[in-house]
Amino acid sequence: MSMKSKPRSRKAGLPPGTLIHIGDKLTEATRMTVLDYDEAQVQEKEIKTVDECRPFKDRPTVTWVQMVGLQDTNILEELGTVFGLHPLTLEDILNTDQRPKMEDFGEYIYVVLKTFYSAGDQRDIVPEQISIVLGAGFVISFQERESDLFKSVIERVLAGKGRLRKSGADYLTYSLVDTIVDHYFGILETLGEKIEVTEEALIKDPSTATLQAIQHLKRKMLFLRKSVWPLRETINSLGRAESSLIHESSGIYFKDIYDHTIQVIDTIETFRDMLSGMLDIYLSSISNRMNEIMKMLTIIATIFMPLTFLAGVYGMNFKYMPELEWHWGYFMVLAIMITIAVLMLFYFRKRKWL
Amino acid sequence: MSMKSKPRSRKAGLPPGTLIHIGDKLTEATRMTVLDYDEAQVQEKEIKTVDECRPFKDRPTVTWVQMVGLQDTNILEELGTVFGLHPLTLEDILNTDQRPKMEDFGEYIYVVLKTFYSAGDQRDIVPEQISIVLGAGFVISFQERESDLFKSVIERVLAGKGRLRKSGADYLTYSLVDTIVDHYFGILETLGEKIEVTEEALIKDPSTATLQAIQHLKRKMLFLRKSVWPLRETINSLGRAESSLIHESSGIYFKDIYDHTIQVIDTIETFRDMLSGMLDIYLSSISNRMNEIMKMLTIIATIFMPLTFLAGVYGMNFKYMPELEWHWGYFMVLAIMITIAVLMLFYFRKRKWL
Amino acid sequence: MSMKSKPRSRKAGLPPGTLIHIGDKLTEATRMTVLDYDEAQVQEKEIKTVDECRPFKDRPTVTWVQMVGLQDTNILEELGTVFGLHPLTLEDILNTDQRPKMEDFGEYIYVVLKTFYSAGDQRDIVPEQISIVLGAGFVISFQERESDLFKSVIERVLAGKGRLRKSGADYLTYSLVDTIVDHYFGILETLGEKIEVTEEALIKDPSTATLQAIQHLKRKMLFLRKSVWPLRETINSLGRAESSLIHESSGIYFKDIYDHTIQVIDTIETFRDMLSGMLDIYLSSISNRMNEIMKMLTIIATIFMPLTFLAGVYGMNFKYMPELEWHWGYFMVLAIMITIAVLMLFYFRKRKWL
Amino acid sequence: MSMKSKPRSRKAGLPPGTLIHIGDKLTEATRMTVLDYDEAQVQEKEIKTVDECRPFKDRPTVTWVQMVGLQDTNILEELGTVFGLHPLTLEDILNTDQRPKMEDFGEYIYVVLKTFYSAGDQRDIVPEQISIVLGAGFVISFQERESDLFKSVIERVLAGKGRLRKSGADYLTYSLVDTIVDHYFGILETLGEKIEVTEEALIKDPSTATLQAIQHLKRKMLFLRKSVWPLRETINSLGRAESSLIHESSGIYFKDIYDHTIQVIDTIETFRDMLSGMLDIYLSSISNRMNEIMKMLTIIATIFMPLTFLAGVYGMNFKYMPELEWHWGYFMVLAIMITIAVLMLFYFRKRKWL
Amino acid sequence: MSMKSKPRSRKAGLPPGTLIHIGDKLTEATRMTVLDYDEAQVQEKEIKTVDECRPFKDRPTVTWVQMVGLQDTNILEELGTVFGLHPLTLEDILNTDQRPKMEDFGEYIYVVLKTFYSAGDQRDIVPEQISIVLGAGFVISFQERESDLFKSVIERVLAGKGRLRKSGADYLTYSLVDTIVDHYFGILETLGEKIEVTEEALIKDPSTATLQAIQHLKRKMLFLRKSVWPLRETINSLGRAESSLIHESSGIYFKDIYDHTIQVIDTIETFRDMLSGMLDIYLSSISNRMNEIMKMLTIIATIFMPLTFLAGVYGMNFKYMPELEWHWGYFMVLAIMITIAVLMLFYFRKRKWL
């Protein structure tokens, strides 16, 4: 969750359309798969060169090209040539620092989205940029790394059940976007669990670690929020796109994802408010503990200072101090001391300090 | 009031329209009732299968099908077939994690709302999702659990007084929504009373429990707010719906509920502001108490430290200390000590510490 | 200023248009007055039954019916019948928990506003709901209690000076609304004076009572704000109403009240910001006082602890302690003690603690 | 900067258009000047009665009537008659509690603005209301007090250089508004300097006076903001006014003032944010100082408490205490005490408390 | 990062269009360069007088006049005459206190932007105003100081690769704006690094310097934000300009910069939120440290006060104190003292204070 804007400045001064991959290399090599289907048949094929796409592209079937790993800018450039992508689109695909957005280029619609996965020690959530190009009869998806994200969609295509095989490229796009949005619920559940754990720690034993956990979660929320807010607008635009690429009947499906996005945003805002409330509780628990400490100090000092003073008085070496001569003087003083201590304790109990 | 987003992720990867009940099972079995009426007659009947609805549906009367309990997805599917509901509507009915919304499907209008009830120990308010489908001459209501929520509406239909029997399905829908919104006032009254109790505790004896109560109430407000804000838009849409299903004359009734919703929102916002003010008072009362504690410590220390020092001085064992030999030395020192103590007390009174 | 939403829930489950008075009974009996005037003549009459209105209503003069006290729902129902008011309007008049709003029913315009008066001990401001119905040639005003609120308008009608007698019912409505809005300035002046008094107390001697006064004022502001914000929209709607009941030439007068409303809102917001600033000052003054207390404690402890220790050292009973035998030992130690104390005081003065 | 809303309530209950001057009398007598010019000639004349305006008014030249001092409501009433001003305009001119606004009355455009000047001891900024009436061939400006505000405009008219003499009454209005807006930059510079002074005091020696200075500046900002926010809308309306009184070519000049207004607002917002940051620094510096005080107390107590205890032990009067008999006992104890003190000091240095 | 509004007031009272350079002189002399190109050829020439521009201006090539240093108002005035610039445009170019904006004057489009550079000790970021005038076939850029800002664009023109040489003046304008926006990423990276450094310091050893660093960064963010927010609107206007000066095909390029601007704003907002979180951590770390200090004091006092009291008791000089006579009395008391101390330590360990 470090600040991802850094490598961005590498591009300053370069002409637009210059293809430089901005982001970490998350795969060994770029891998490409073609999934070509219509209601009757389906064909899955791993391809090495972009040229292998051409035959699929020109058939009336739906052609889904998956590209995993973005470091090979040559392949991307060829893809751009074959499918007629604008240089700015290619640049946006490579610049993994994009905000979610949807752009209608007429010939195709370009959608960029974010998904998140947990890195190594499960503490951080790492963003992955997913680009989807929806053209006439084809969909190209770009992922930064190998993952199971679209596995269920692939399986549904292969199985041939449901609406997917009967519908066009727009429904496939919808299915991909839906999968990505549904993925957020899982992330939010994980975060929700962490919030609950932190909250329990906060009530049982608030420590600096609790504060750091709260702040860590707050920042994650900030991070998610930054990705999800523009998502709303993006999906809204998709649902209302006046493009021949999206059939009117698909509008209701995008409206459905839109509702899910609103739910994600609501949950994020609720979590943020909960974390703010937890911060308040943390701060007031520190103050409360301070009060406890000070009470203890005050009780001890208030009891023993007068007693020590009294002992000090009868420790003075004056020649003429009548009490010192009394036979029961010592015991009287002890009795007085005990009385003072008991009265003090009563006083503190009355003030509810004990 | 735990985070309800959890079971949502069960659906990730499934095709849209897959019917899975997301939420707790709140009833033993699904129960269905049909209430069929026009101005002249009324008929109430508990039904076991969806097919029993068919005859009612095709009559020119208003048919109100109540379904209580959502776990039986088969019944829902049949209902969908009989009344021509879109798979996404069925999915939304089952997913009890919806935001309030209104969707116009042409053939019917789908409205989803939230109501709240107090669970077990009265501490928590639990949401219940109410779905209402308004079609041509029929209304279907979906509740998660058995409750008295719509009892008054049923009674009014059976009694046959007022506008209800004379009006169409849109007026029945209005009556159901009105009942749900009016229900919020009761919840807010209960919360208002809790706020007053907490406020009294805050002024009399602010403790950590008070803080937790404030935070608990704040979170409930957050929770309610999340449900009521979209409600406003939902009811506004209903009132302005350009649908043949809602007569123009009903617009003024929905405008009336809209005003009530605004009142609910106003009250929630007022409560939130009041709770924020209470938090400020709590925090400053902790600081004040700390001041009291520190004052006490300082008074005790300031009085006894000089006295103890004086006693210490005359407890020194120097050979030649003239005062020790004086006959009235001891009493003089005692007098000085009392003078110091009295002056200190005057000083503190002057500074208003006592 | 307790939460007024309580009695609202009494209505849950009742059909719309059921007339129940929600609010406290503020008068002994409902009182009705008719003021009928045109440029040439004016007639004032206290009436007992609604039927007495009828002759006035049908004349081409302006008829102003004042109803004070809302508990008699029968009278209201009759009024509704005579003047053709919608059941929902009657319901809104009785439900004194309304937000300010304006509704155009075609035949008449219904306006509901709030005014405030000081109750008993001058500490609280209590809202009163004023409903105004503007019809063709008549105005009906509904007040909850006897007051001087509209006295000046009545006097102006009776005196016959100014535009009032020459103008129609819309100008009378304007005059009533103007009177209500102008009334807010008086309330704000009173609150402004209270803020100034509290601010002086805050600077002179901040106590818990000051904090409670600030919070009390903040809540009053919240309360006023809730009534005044919708007022803005209400008056704006009146000024722009495309209704034949309001002449175009009256628009500029409503624009004038609109400006006043904005001024009221501005003043409320300024007061709120001032109160927030005062809260900050209060909190930091508590911290400052704590600092003062701690300084005092530290000064006392830092001076007397070393001295007491020194006295303790020479109070030890070791056989061989050479200093004790010195003739000037005692005075040397006293001199050292005084030196230490003086150095400490210098140190504290240098650090500006004294 | 006291609350100016007070005298406003004097008007409650009076009919609209009643001319009462609301505000302090800031001049001895009302003074009127006419400045009549076209490209060829210019004439300046102090006038005693409104009638003296008439000849200027009817000439095709631009006539600028300046009225300084508002207490003479008769003069204003006459002006209203001569130039055809609406009673509400006259009322607004006298009520110096207006928000900046622009009203198009068809025959003329009425603009009310606020300027500020420093009162007496330079601590406060006092608002002055400037009203400008732009009619066909004439401009009337109303000021509350004598000042140099429009001196530069008068000089430019008299000098005859620049566009002013060649242009119409709309360009004169623009010049007056421009002068008022430019005046804000001077006020903001003065405030900016005060903020810098306060900030230096905050870093060097934060005291309660610093806090009061911050709060004082915050309130001034609030005060300015209240005047400048509506100014934006006012000038925007002037620039876009569809009135024959403002030539289309003047639009670009009003757009220019609009940009300046935005700059003023930006600066005010920046100052507000800076003052908020300073408040945070102040509060944390109080906490820091408390930490310093407590550290000192703890260091002193931690060093001397064990030592005093040790001295106390060997001050006990037990018959059999072997150490007391040792020849080097006293020096051993002294050595132990010094060791303890040195170790404590090392410990505190290690914890960076010293 | 001092308040730049100061010199602005120098202009108060002057007629609009008066050319005064508001800002610091950042170059020795004004330098002008002409870069004239089309697809076939390119010519670069340093010029001394404005007249040398004329021949380039009238050719069908793209003419880019760069003016570096604004102090020579005569040159600017001549430029204005040659290229037909409005006096208000010249005034805006000289007034380096502008907000980013775009103004369409028909004949040309005037764009003003801000860039930032690090001054001297790298602690401050200093704004530089860049004005760009896009006319028919020419672009004039105005910079306050010599810098490498547009170096890459110049090189791309000279090299003749990419779209630049083939496109018109609008694409050159796009390239300049793109360069300025890309420059922000570098500034944000630098600030991001400073935030990370400050955050580490905050966790390791929070000091007053850390607080000042946080506040310093917050103010820088405020500063950047003020420049970047209007940038968004400016670039949006450029992209949607209905001007013949910008070809429709360039719209997509401005949309691209618009996306970058949104990214810049997002990053700034994220940084602001992070800095707010850091402030919270700082404040609570002060409170935590206070707790640590108080714990230590309380532990010391609680252990030694009872012990010192006990020693004081047996230091009393009563004649009859039986314990003093006991042979093992001293060792018994020592044993009791050690027991008390150990019990106290156990107690503190149990309460987790140690």
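Every chain is named by a letter (A, B, C, D and E) in the order it is written, and numbering of its residues begins at 1.
Keep in mind that, in the parts below, a contact is a pair of C-beta atoms (placed from the backbone, for glycine too) under 8 Å apart; a residue touches a chain by one contact, two chains touch by 3 or more.
This one's a predicted model, so the numbers in the text were calculated from it and none came from an experiment.
A.B. asks: Provide the labels of all chains in contact with chain B and in contact with chain E.
C.D. replies: Looking at chain E and chain B together, the chains touching each of them are A.
A.B. asks: For chain A superposed on chain D via Cα atoms, how large is the rotation, as a multiple of 5°?
C.D. replies: Superposing chain A on chain D takes a rotation of 145 degrees, nearest 5.
A.B. asks: Nearest whole angstrom, what separates the Cα centre of chain A from the Cα centre of chain B?
C.D. replies: About 26 Å, centre to centre.
A.B. asks: Between chain A and chain C, tell me the centre distance in angstrom, where each centre is the average of that chain's C-alpha atoms.
C.D. replies: Those two chain centres are 43 Å apart.
A.B. asks: Hey, what residues on chain B touch two or more of the other chains?
C.D. replies: Chain B, residues with two or more chain partners: 283, 287, 290, 294, 297, 301, 305, 308, 312, 315-317, 321.
A.B. asks: Tell me the shape of the graph of touching chains, choosing from line, ring, star, complete and other.
C.D. replies: Drawn as a graph, the chains make one closed cycle, so a ring.
A.B. asks: Order of chains around the ring, counting from chain B in the direction of chain C?
C.D. replies: B, C, D, E, A
A.B. asks: Which bits of chain A are touching chain B when the two form their complex?
C.D. replies: Listed in rising order, the residues are 151-153, 156, 161-164, 175, 178-179, 182-183, 185-186, 188-189, 192, 195-196, 252-253, 255-256, 259, 262-263, 266-267, 270, 273-274, 277, 280-281, 283-285, 287-288, 290-291, 294-295, 297-298, 301-302, 305-306, 308-309, 312-313, 315-321, 352.
A.B. asks: Given the complex with chain D, which residues does chain E contribute to the contact?
C.D. replies: 2-3, 5-6, 8-9, 11-17, 86, 88, 97-99, 101, 103, 208, 211-212, 215, 218-219, 222-223, 226, 279, 282-283, 286-287, 289-290, 293-294, 296-297, 300-301, 304-305, 307-308, 311-312, 314-317, 321, 323-330, 333-334, 337
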